[in-house]
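Both of the next two complexes hold chain A, though its partner changes from chain B to chain C.
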Partner chain A sequence: MKLSSEEVNSIALESRLLLNEAELAGAVRYINNFLDMLDRFKELDLKDVEPFSFAEALECPLRDDTVIAFPDNEAILHESEHVDGSYFKVPRIMEE
Partner chain B sequence: MAELTFTPVIGIEIHIRLKSDSKLFCSCSTDTDAAPNTNICPVCMGLPGTLPRLNHKVVEQGILAGLALNCGIRPKSLFFRKSYFYPDLPKGHQVSQCDLPITTSGYIEVHDAEGNLKKIRVHHLHLEEDVGSLHHSASDGRLEGADTSYVDYNRCGTPLAEIVSEPDVASAAEAVEYVMNLRRRVIYSGASDVELEKGMMRFDANVSMKCSDGRWGHKVEVKNMNSFKALERAIEFEIKRQKKLMLNGEDVIQETRHWNDAKGITSSSRVKENYRKFIVEPDLPPLHVTQEWIDRMKAKMPEMPDVKARRYVSEMKIPPEVADVLTDDKNLAAYFEACVAAGANPVRASHWVRTEVLRVMNEKQWKIADFNIKPEVLASLVARVDEGKISTTQGKEVFDYMTANNSGVDEAIKKLGITEGGVAGNALNDVIQTVLKNNPDVLEEIKSGKDTKGKKLKFLQGLVMKETKGQAKPQEVAEAIEKAVRN
Partner chain C sequence: MELYEYNLHELVEKLKSKEISPSEIFESCKKRIDDCEENIHAFITRTEDFAKAQLSKELTGIFAGVPTVLKDNLCTKGIRTTAASKILGNWRPPYDATAWKDLRSAGAILMGKVNMDEFAMGNTCGNSAFGPTHNPNDISRVPGGSSGGSAAAVSAGYVSFSLGSDTGGSIRQPASYCGVYGLKPTYGMVSRYGLISYGSSLDQIGPFARTVRDLQLVMSVISNYDPMDSSCFREKAHDFTHNENPSIKGKKIALVKEFQGFTLDAPIADAMNKIKKILEDEGAIITEVSLPVVSRYAVACYYALAMSEAHTNLERYDGVRLGYTVKDAAGIKEMFERVRSYGFGPEVKSRIIAGTCLTEPTRCEEYYVAATKVRTLIAQEFSRAFGETDFILQPVTPSMPPKIGEADEDAMKGYEADLYTLPVNLAGLPGLSFFTGYADKLPVGLQLIGPRWSDPELLHAGVIIERHTGSPKIANGGVK
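Now for the complex of A and B:
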C-alpha cells in the first residue's frame, strides 16, 4: 500500500499540521516505508493468529461509580489562554 | 407502462446517555447542569500523563441495555481511539468500542404498514464517551461577535451507548416505533432514564431508496435529530427529496446532511469527515465479562414492556391500546398488577387506572409513587362497583374523595352518604310513589295517553334517579315507574 502526497497532506490537515514541501516529502517517505514494512507481514500465513493488541493478558481494571470532584478545575481553565468566565473560547464553529 | 415505486431503506444510529453518577473513565460527576466546566479533571480533559479507568457501573448499564435489545453479550470487548478533531473533545480522539463492541446483535419489534410484527435487527450496542457542549453565546447571553464559540466540558466523558440498527426500517413510522419501543425497553432495564428533554437520546439516520426499476440511490446520513418528531420529519423529508431526484433521473449523492428542525429541511453538511480512523486504546486492556456476570445481569432484567403489554392482552383480555398505556411506565404497570393481585377484575381495573388514576396524576403532576390510593384499596373500590354495590358514578365520587382526603373506601362511602347496595325494591318504590304524588299533572298526562313519545315518562325517571342520588339501576327504575303508572 502506498499513500500519495495528497493523501498524506490531507491527513496532516486533519491533524492540524501545515507541512512545507520538504516536510511533506519526508512524511510521505516515512509513512510509506512503514507501510512497506507492514506489507512484508502479508507474506506470512496468519490465518489462525488472533490480532495482537496487548503485550500481556491484562484485565481491564474497573473502578466503582463514585464521584470524586477534581479539586482545582480553575487550574485546568488556566491551562488555556482563551477563557471567558468559566468557558473555554474557541474559534466559532459554524453549524446550520 | 408501470408506475415506478420506491422503497425506503433506513438504518438508525442512536446515542443514549447511560445512568451513572460518575463519568466513563474518570470520577467527575455526570451532572451536566452544573456551572460550566466545574465537572472536569485532567483525565476527561485529555491532559498528558493521565490514565483512563473504566467505570464498573457503566459496563453493567451497557449489559442491561444490550439485554433489553435482545442482544448477546460478548465475553471480550475492546476500546479504540477514534480520531476526532473538533473542539468539543479536547483529546483529539473519542474512546469508543466501535470495532469490538460489548454486545452482539439483537432486535426490536415494530409493526409494519400492514400491522404485522416485524423485527428491526440491532447490529450491536457499544460503549463510548460523549463530547462537551458548544455554545454560541456566553452564559450571560452576550454574543461575542461571530468568531467565537464557548465550550463547556461538563458533558465530556459522560457514558453513552451507541446503538446501530441494520437497514431494516422501511418508513418514518417504523423508525419512530423502533426508537420509542427501544427507549421504553432501556428505561425498564434501568440502564438509563432516557429523558428526551435533557438530550439523553439523539438520532442519526441512514436513508437510501430502492426503485422498482432496479436503481439503488446512494446512502445519505442525516444527523442532528433530538426528538421523535424530528426523526420522523427528517426521514419523511429525506424520502421525498431522494424520490424526487430519482424520478428526475438524477443521482442521489452519498453525503452527510444536517437536519434543521426550525426550517424542516436537511441540508448538505459542510464538515468533511475523511479520516475517521481508529487504533486500539493502549491505556485500556480488553474488557472481559464472565458468564457469571452476564447471568447476574440477566436475573436483574424485568419483563419487557412490549412483552408485558402482549401478556395483558392475551391473558387478561385488556384492549391493546390500554395495555400500551399501562406498560408505558414500569411503576404504573406494577401498580396495575398489584390491583389485579388484590383481586380486582383486570379489565375493569385497567380502565380505572388508565382513566382515573392517570387523570389525577396528570392534574396533580404526580408520579405513580406519589399516588395516594393504594392498589389494594382501588381493587376494593373496583370490586364494589363491579358487584353493583355502588354505581360507577358513585365509584368515581368515592375515588375523588379518597385522593382528596387520603381516606379509605368505607370512610369515603360514609362521608358521601352513599347507601351500598343501591336503592331497589321497596325502597325504590317508596321514592317512586313520592315522586308521583308530587307531580300529579304529569301522571295525569301519561294516564290520559297524551305522552305518545314517552317524554313525560323519561322526565319522571330523571326525578327518581335524582332522588336516589343515582343509586338505582336505570333499567329497574324505568320498569318500576311504568308499573306504578299503570296501577
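Now for the complex of A and C:
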C-alpha cells in the first residue's frame, strides 16, 4: 500500500510535526519503503497466534495503592518555562 | 603503566588495598580524556566538578573511587541529560536512574554523560544533535551505536567500565566495533527506571568493559529487583561471582542454519571459525539450530514494534514541562508543532511518523498487531532452539565498522544489517558481544546468546573465550 504525500503529511501533523518539502519527500520515500518491508507479514498465517507477552509477566506486579510524596517538586517545576505557582501553565487550548 | 589502563577488577583491588587513591585514578582518567577527547568526541557533558564533589566525601562500596561514564539517556539527578536530542535542552532530571543509583551507592565516580544516537535511534552514533563520536581504534570510522560514546570511552581508556542501553543491538554492536565486551542482559534483569524510553518492551540497560570479569562485577551491582520498574522480575536472584576456571565441556553451542548463507566480511567469517575451534577444543559440541521466522521476519517485526512504541513514548515531549520550548505560541497546537519540529532530528521524526502510521486504527491490525504476533512466533522459535542447545554463536554485524559519513543512504538496507542483534531484544534474551582479536588494527567482535536468565552462564562462557583470545588493548584514541 503506497501512501501519498498528502497522507504522510496528515500523519506527520497528527504527530505534531511540521515537515518542509524536502523532509516530506524523504518521509514519503521512507514510509513506503518501510511498508513494503512489512508486507512480508502477509506470508504468515497469524490468525490463531496470540500477541506477544513475556511468560513471566502474566501476573501484573502491583504496588500498594498509596500516595508516595516526591521529595523535590521544586526540582521538577524549575525545569519548565511554563510555570505559574506550583502549576504548569500552557498556552490556550481552544483555538479561535 | 598508567593508572587509567587498569581494568575494573584490578582497580577495585588497588583502591581497596589503598595502593592507589581515588584522586589518583581520577586525575589519570581526566588526563587521558583531555589527551584524546578532541579526536574521539565521546562526551556530551563532562561532570568533573560533580566527580570532585563525590571524591571530597567518604566513599564506600565495591566501586569506591572507580570512575565511570553513563550513556546520556540515563537520568542523573541535577546533571544535564539530553538523549543526544535538542528537544531535551538543558534538562536536569529530578531523580537518578536506578542503575546509576546502584553504581553511585557502590562508590562509582561520574566523569560524564556520553554521546549516543538521538533517543537511541541509530547504529553509528552519528544521529546525535552533538555531532558524531569517533572510533578510538581508527578515528575515521564510526564507533557504532547507539551507545557509541559508552563503548568509545571504555575502548580509549577514559574509564574501565560504562553503562549503555540496548534496544536492538545498541550495546553489542558498538562493543564489537570498538573492541570491548558488552552485555545486553535479559529483559527484566536490570531496572529501566530512569532510562529515557525508546521502545519500552525492548530497552535494556547493560555494561561495557575491557574484560568479561569486569562485566560480572558491574552486573553484580546493577541486577536488582526495583519496584519502580514493573518489568523487573522479583523472583529472580542472579549470581555473577567470577569463576577462574569455568567449563563448557559438553555444552551445546549452535550456529543458525539460515544465517550460514549470508555474506560476512572476511575478518568476521574468520573470527567465527576461530571461536568455533576454541569452543570445540574446550569440549563444547558445535551444533546447528533452525530459526526461519527470525531470519526472514525479525527485522520487519522489530522496526514495526520499536517505531510504534517510540511514537507513543515520544509524545510526551511537548515543551511544557521540560527541555526546549517556545514562549510566544498563539495556542498549544502551535507550541507542540514548533517545539517538536525543531527539537527532533530527522531519524527520530521518520520513526515517529512511521509509528503513528502503523498504529492508526485503519492500519493497526495489519501492521502493529501483526508484528506483536510475529514476535510471539520469534520467541517460540528461540524457546524451541534453546531446548536443543545451550548457546547460539553468531556475528554481531555482517560488516566491519564503516567510515564516518559512509552509512547506508537506504535506511531499510541499514536496518537489515541489524538482523544479528535485534531478535535478541524481541525475545528478551541476554546477548554477550565479545572481543575475538584484531584484523588490520580493527577489533572484531562476535556474539553469544543464551536463554532468558542465563546471563551468568553466558559470562562464564565469555571468560573461557577471553582466556584464549586475550583481552582487548586500550585503543590509541587518535593520539599521534
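By definition in this document, the second predicted complex is superposed on the first by the 87 of 96 C-alpha atoms of A that agree within 3 Å, B and C clash if a C-alpha of one lies under 4 Å from a C-alpha of the other, contacts with A are read in each partner's own complex, and residues count from 1 in each chain.
As a convention for this text, a residue touches a chain if its C-beta (ideal position, glycine included) is under 8 Å from a C-beta of that chain, and two chains touch if they have at least 3 such contacts.
Only a predicted model underlies this, so the values are computations on that prediction, with no experimental measurement involved.
Once chain A of both complexes is superposed, is A:Val49 in touch with chain B (first), chain C (second), both, or neither?
second
Between chain B and chain C, whom does A:Cys60 touch in the aligned arrangement: first, second, both, or neither?
In the superposed model, A:Cys60 contacts both chain B and chain C.
Could you tell me if A:Glu23 is touching chain B, chain C, both of them or neither one (first, second, both, neither)?
A:Glu23 sits against chain C, while chain B stays out of touch.
By residue count, which of the two partners contacts chain A more extensively, chain B or chain C?
Between chain B and chain C, C touches the greater number of residues in chain A.
Quick check for you: in the superposed arrangement, does A:Ile76 touch first (chain B), second (chain C), both or neither?
After superposing on A, A:Ile76 lies in contact with both chain B and chain C.
Touching A:Val90 in the superposition: chain B (first), chain C (second), both, neither?
A:Val90: touches chain B and chain C.
For A:Glu14, is the partner it touches chain B (first), chain C (second), both, or none of the two (neither)?
A:Glu14: touches chain B and chain C.
A:Arg40 in the overlay: touching chain B, chain C, both, or neither? Say first, second, both or neither.
second
Residues on chain A in contact with chain B in one complex and with chain C in the other?
Residues common to the chain A contacts of chain C and of chain B are 11, 14-16, 54, 60-61, 63, 70, 76, 79, 88, 90-96, listed in rising order.
In the complex, go through chain C and note every residue touching chain A.
77-78, 91-92, 94, 187-188, 227, 230-231, 233-235, 293, 296-297, 299-301, 303-304, 311, 318-323, 325, 327, 329-338, 340-341, 344, 346, 349-350, 352-354, 356-358, 360, 366-367, 369-377, 379, 410-412, 415, 426, 428, 452
Using the touch definition from the top, list the residues of chain A that touch chain B in their complex.
These residues of chain A touch chain B: 10-11, 14-16, 53-54, 58-70, 73, 76-77, 79, 84-96.
Please name which positions on chain A make contact with chain C in the complex.
3, 8, 11-19, 23, 26-27, 30-31, 33-38, 40-41, 43-44, 46, 49-52, 54, 56-57, 60-61, 63, 70, 72, 75-76, 79-82, 88, 90-96
Taking the complex as given, what residues does chain B use to touch chain A?
20-22, 27-29, 35-42, 45, 47, 53-59, 78, 83, 85-87, 92, 134-136, 138-139, 144, 146-153, 258, 260, 267, 269-270, 274-275, 280, 284-288
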